[in-house]
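Structures incoming, each one as structure tokens.
What follows is a pair of complexes built around chain A, which joins chain B in one and chain C in the other.
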Partner chain A sequence: MQEVINELLETMMSNQVSVPVIQPVIDMAAQMPMVGLGISFILWTPIFALLICPGLSTLGIFLLFFPWIERKLCARIQWRVGPREIVPWLGGLIQLLADTLRFLFQEVIVHKDAHRPYFLQFAFLSFAAALLPLLFINAGDVIAIASPYGVQLLLALVCLFPLFILGLGWASNSRFAFIGSVREAFMYFAYEIPFIIAVLAMVILFGTSNPILIPDKWGIILNPIAAFTFFVGAAMATSRMPFEIPEADQEVAAGPHVEYSGIAFGLIYVMCYEKAYILSTLMVVLFLGGGSGPDIPGLTVHLGDLMGIVWFLLKVIIVMTTMFVLRTIYPRYRLDQGLTIGWGAMIAISLVALAWSIVFVFMQQGGVL
Partner chain B sequence: MEKEEQDRNMHILRTGVLSPVKRWSAKWSLWPCHFVTSCCGVELAHAFASGFDGERLGTLNMGISRQANFIIVEGTITRKMARALRIVWEQMPDPKFVNVIGACGQRGGIFWNSYNITRPSDIVPVDFFIPGCPVTPESLLRGVRAVQDKIALGKDETTIKFKKVALPSEVGQGSTIPTSPKRFAPTPLVKVDIPREVDWDFGSTTVNNLKSQLEGLYKSITITDKNRIAIKTAPENLMEVARKLSDNMGIDHTKSVNVVDVPHEQKFILEYMASSYSNNDLMPVIITLFTDIERKAEPEFPSITPLWDSADYSEREMHDFFGIKYEGNAGMNAKFLLAPETQTPLRKDFKLDEENYVFDDSPLNPKIDLPSSLEMPAPTDLYDEAEANDEFIILVGPHHTGSGHLRWILRIKGDIIVDVTPDPGYVHRSMEKIAENRLYIQNVPLFERANISDPFNMNLGYVHAIEKALSIEVPERAKYIRTLLAELSRIGAFFYDSGIFSLFTGHSTGFMYVWAIREMILEATVRMTGSRCSPSFIIPGGVRRDISKDVLDMTGNFTSAVNKRLKKFEDILINNPVFIARTKGVGVVTKQEAIKYGLVGPFLRASGVDYDIRKVEPYEVYDQLNWEVTTGDAGDCLGRYMGRYEEIKQSLSILKQTVDALKRMPRGDVISEEVLGEYKEASEDIKGHLYHAYGNLVLPKGEWTSVIESARGTLLYSIISDGDSNVPYRVRIVTPCWMNLRGIVEASKGERVADFWTIYGSFGYFPPEADR
Partner chain C sequence: MKKVTVQDQGVVEKTKCHAAAIGVAMKESVYPLTATVQYPRQRKKMPDNFRGYILFDPDKCINCWECAFICPANAIRMKEAPNKKYYPTIDYGKCIFCHFCIDSCTDSALRTTKIHDVAYKDMDEMVTLTEEMIEPPEIVREDTKLVEYLIDDKDLQMKKTREVDNLFVDEVPPSVEIPVVSQCIDGASCIGCHVCEYVCGSGAISSSIANGVMNMAIDTDNCTGCGLCVKECTMQILKLVRK
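This part shows the complex of A and B:
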């Protein structure tokens, strides 16, 4: 028994996230009996990745601030100001906090026709589905489960989202929810194949699908076609304009979301932001060099692992902002136009990206590159 | 009922340990339910667009009732809309709040004695009332602030507290507005074919031609005014006459269907006003085909739709109003515009509450019965039919981000629309009935509210009918001002429709950009007339007052400002590849279909018919200015939209020309002296003499019809006067959106579901204008 605990402690202490600048504080806290254990537990890399970054806390902070960024950015593009009056000197930064709290205290209506268990379960469990893919992606050197099949596992787990959306629409038992779910199902098949092929192209290029082992090269320069396909596929996956087809507000009255209120709606509303976050992290790892960045003298040494995390988050923010700015530029496509793009142009381009990667690898192995 | 419902919402927020958190979060996260109910909706859109930005207060306009906690009820709640409002309110989760904006929301406003309105406070518990007609966006946001204060601080006010201010007044002590008593002739002489001597040679030849063709089938053919011929027939001959007109003279559409109730002669006069798009000589002429039928409880008459399909919806309207069954028209089983409980309101024995004169103190407070049931079902045979054919029915609206203020019943098979059934009348404010009880001048603001995104054209049409009747010649300067205002209105309505179109395709930036441009137009309107979108500025004989030079300069600058921004607008919306992909080839209406279904305006021109009333029967100074009519031949959504866009460029050019002309002209009269009578000092500004000059206006007997080209097409006003009363006997208004409704229905059949909104947006349908 004692050996088991010792071995567990051994694994935990050997795999800590190292942040030199706060090391003195940790050493001081380590003196205290339970607090030291707790802090070591949180700094244990897998738990750190799950709870802090790129897991729960970072996801939570993104969900709290990213809609604000989106609303302000869109407002500025549209000659407006966006949310402001809640805290004028901060520019309305905590607007989402007010919205979330309001959802929390609002009544969750489950209408008579709904299938009550699924109606509530799909809504509340969707948050868990958001955390699972995050176990397999790395932010710099911090990763929860470093599996040789990490990228594929992440992609497979992201497939849970459309399932949840279908479940929401089905459980709502309402006409518009039905049409929205059918659209989501159609669109899912359209974007998933080119998306997977694009990721496959990058896996071939890098020679590994273990996110930790993916080199810090910028895939966007090595294979821009795959980057483009990935980006468009991600836009389709997260229902960004011009592909906001399942939840077209003016056509199907928010599709699967139509019957949800209160905190159930709050959780569903952020589902697309969660998906965007996950896909952005994958894009950063595959195409934008993961947690790598230029060496800032003085800062890199002190922050240690945290530096990789900072670069990683910066890049994620850039990717997500680009995805969200699309909504101010484009109207939305029709369902059959979206499907034509997915099954037609996108598959062709993704196959070209795949071919590019294969040629690239051959040339590398043949010593040309 | 409502007091405890209202208190319940506040009670939820005030109880419990977390009450401060609850109140803070509810205050800063009031999401209004996107539920447009009436004309104030235009100003609501302005309040949340880039000019005033309601989102600053944390209010995000969310289209779904389940996710909103706030309703802003705008304006007139009609009997049909009352059901929708109550259902939407009940769908919302607690705690929820209600703001009522507009004068109509409080006691009915200008439509206070309509048969079709209800009071919102009887239907939902209201937290705050905001007066105005329409409300300015600032006061709307002030109302949101007031609800926020109510939530956070517990202030218990339901409306703005007005302060009494002592203003120096020029009018003497004990002054009241001098209004003539309304005089209703006891036995009015109602004839729609009073002959008139006009200098119209083509008219005499046409009349002789008609007389020879319609040998034995007619009772009389009269020239009632320039370009107006009235043919009286016996009821059994009407169809034959119509057929002969259609075959021999190329009369291919009706502009209006009208019924006049003459109870003291025990008859109804049925009228069809028809004209031609194919015969160029007959294009400006309106031929009124009319007959008398016996006044019964349920008179029957064969429908004219087998010949002229454009009369379809208007016949259904007449069936609702008068109870006449048109045999052959498919819509005679159910009410079209009216709520099911309203029975034949336009008959003369259905009386509205009369205004007491201003000298009397009794309050204007008619009794309004609420609808007894909240049911708003679609016709059951529709469901059965759809079930049999494996089709799906979706009910779109009136509470739907993409429906406007009416309900559409879509029958879908897979992704293809099989049929669309419109259910209009949710904003039917019974203008025609109210107009029969008010002085002629009091109807100017009434008809303006049909479409406050295009107010000057609404004024202009009505005023033209009065001026035709009284043969008033408008001063030159007033004509230029009117043209300027009409074109400003046209541009404003175009940008309104562009914004709504962008919104329907999901492009919120397109919406914000054009709404910002529209703010400039409203600024120009405010400086000229004093009101953003309900100025009632055009009055019989001219305009209310002259426009000063600096405002003219501003308007001239405004045209160049808009021209500069049009390039950016093209990049944002028109050249957007997704927009073009959505609109090209979608919803094609061929030329024959356009004429058959009675399309009007730029939508008719986009299908290839070269018909613009400003060229066909020029009015004001359109024939003296340099501009072109734009036609197209694609007939699809992109064609309709681009046609209007080119038209707006022409309008901007007309605007510039009128501004330059007005600056060159010497200042002078803007109101005709014929109508002013002894108050000639008011010829440059009507202030202080409006009711003196117009209070006792009496039109000569007969029917006076005017057509003008408003922003969305042909606007027809037809006033029947009995020569004695100072209120009209019957006013018929046919708005372009009402005529275009059929076009949306027919263009959508066979298209995909998502195309329905593209087609809807491309037709620029504005329900308050269609429902009147």
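This part shows the complex of A and C:
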């Protein structure tokens, strides 16, 4: 038993996130019996990835502030003011905190016709499922599970999302929810194939699907077509404004989650932001060089692994913001237009991207490039 | 049958349009042209002839009833005051704020203000009596900034100044461009009913009997040109003419 514990401790201590600037503090804390162990546990790379970045804490902060950023930015572009009344001198920064409080104190109404167990389960399960893909993404050098099939696993887990949304719509047993679910299913098939082909093109180009082994090259320069397809696919997957077809407010109320209220609705409301976050991290890893960035003389030495995380988060913020600004520029497509884009132009472009990657790899092996 | 088709722009033109849209979004996110007036804290600058709450000055009223006659919504009713004169009351439940009453008021007894935020508890309270129209209503001013829209040749701009707008418009003098007076055009038809003398608020019309013949005289200096006698004259022999 003692040997097993020692072995575990050894594994833990050998794989720590190194942050030189706070190393003295960690060393000091290590002298204390339980605190040192706790800090070492948190700084153990898989746990750090899971709990801090890119995992739970980062996601939580993003969910807390990104709806505000989106609303504020869209309001600026559309000549409005946006959220303001809650803490006016911060520009309504904690708007979502207030919303969350409201959601928490609101009753979750399960109406008579709903399938009660699934109606309640799917709302909470979908939030939990949203956390799973974060296991396979790396922020700089920090990753929870480094798998040779990391990108594929991540994609497979991302593809779980629509399943839960279909479940929500089915369990709601309402006409709007049904229509929304069917639209979601239609859109799911329309974007999923070009989306996966675009990722496949990048996997072929890099020759690996392990996120940590993907070189720090900017895939958007190596294969811009794949990047474009991925971006549009991600916009479709998050069902945001230009492709807000399943949740079209004016047509089907709120689509699959029309019947939800209280904290169940709150969880579903932030789900699309979660999805946007996960797809943005994947975009950063595949197309924007992950956690790589220019060397800043004073900082890079002191921050160590954190520097990669900082670059990674900066890029994620840029990608997410770009994704959100789309809704101010484009009006919503009809369902048939969305399907035409998905099954027509998107597949064609993604196939071109795939061909581009194959030619690129052949030219690289032939020594042309 | 002619079929309407979507105009095909071509890839280059479409790409240009997309780029232009994205460019506008980028520009607006950096330099936004916020058009919102945050009302209780800021107030939009209204023009002086803004059609708002109506104030009344009984000293200037000449009892001509023009406001009540012209009101298209029948919101104005004349009520008898203790001094046997009839003064207007306005039912704000009916008023459409056309301000015909103010335009038609000969002696500018009615005048406008820039007040547009008066609240009532019920419909009965909306019937504003004459004595309530003399003093402006009580309103809570929270505004610290005055917002003004400036429209130049390209875009709309908002100018915010840190000042509190005066909601009361200076008294507009009565129409002075074309002074008119009442005149009798056919004295032989006068039946001597004295109606013109009774309705005249300014005492410009006087009557005298000489040799059993009634003579009406109009003092052009005192006549305000309100036209009341013209309206009331039974024989319709009075007329407004230029001075």
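One rule holds for everything that comes next: the second predicted complex is superposed on the first by the 369 of 369 C-alpha atoms of A that agree within 3 Å, B and C clash if a C-alpha of one lies under 4 Å from a C-alpha of the other, contacts with A are read in each partner's own complex, and residues count from 1 in each chain.
In the analysis below, a residue touches a chain if its C-beta (ideal position, glycine included) is under 8 Å from a C-beta of that chain, and two chains touch if they have at least 3 such contacts.
Just so it is clear, the model here is predicted, and its values are computed rather than measured.
J.: Given the alignment on chain A, is it a clash or a fit between chain B and chain C?
T.: clash
J.: Taking the superposition on A as described, I'd like to know which of chain B and chain C A:Arg175 touches: first, second, both or neither.
T.: The first partner, chain B, only.
J.: One more residue to check, A:Val258. First (chain B), second (chain C), both or neither?
T.: first
J.: Does the superposition put A:Val325 against chain B (first), chain C (second), both, or neither?
T.: Touch status of A:Val325: second partner only.
J.: Applying the document's definition of touch, where does A:Val81 land relative to chain B and chain C: first, second, both, or neither?
T.: Both: A:Val81 reaches chain B and chain C.
J.: A:Arg334 in the overlay: touching chain B, chain C, both, or neither? Say first, second, both or neither.
T.: Touch partner of A:Arg334: chain B, not chain C.
J.: Which chain, chain B or chain C, ends up touching more residues of chain A in the combined arrangement?
T.: B
J.: Between chain B (first) and chain C (second), which, if any, makes contact with A:Leu73: first, second, both or neither?
T.: It touches chain C, and chain B stays clear.
J.: Find the residues of chain A that appear in the contact set with chain B and again in the contact set with chain C.
T.: Correct list for chain A: 77-81, 84, 328-330.
J.: Could you list, by residue number, the parts of chain C that touch chain A in their complex?
T.: Those in contact with chain A are residues 21-22, 25, 28-29, 32-36, 38.
J.: Using the touch definition from the top, list the residues of chain A that touch chain C in their complex.
T.: 73, 76-81, 84, 325, 328-330
J.: Spell out the residues on chain A that touch chain B in their complex, using ranges where they run on.
T.: Within the complex, chain A contacts chain B at residues 71, 74-75, 77-86, 92, 95, 97-102, 104-109, 175-176, 179, 241-242, 244, 248-251, 253-254, 257-262, 265, 269, 327-337.
J.: Residue numbers of chain B touching chain A in their complex, please.
T.: Going through chain B, the ones touching chain A are 18, 21-22, 24-29, 49-50, 53, 55-58, 60, 63-64, 66-67, 69, 91-95, 392-395, 400-402, 415, 502-510, 512-513, 516, 576, 578-579, 581-582, 752-757.
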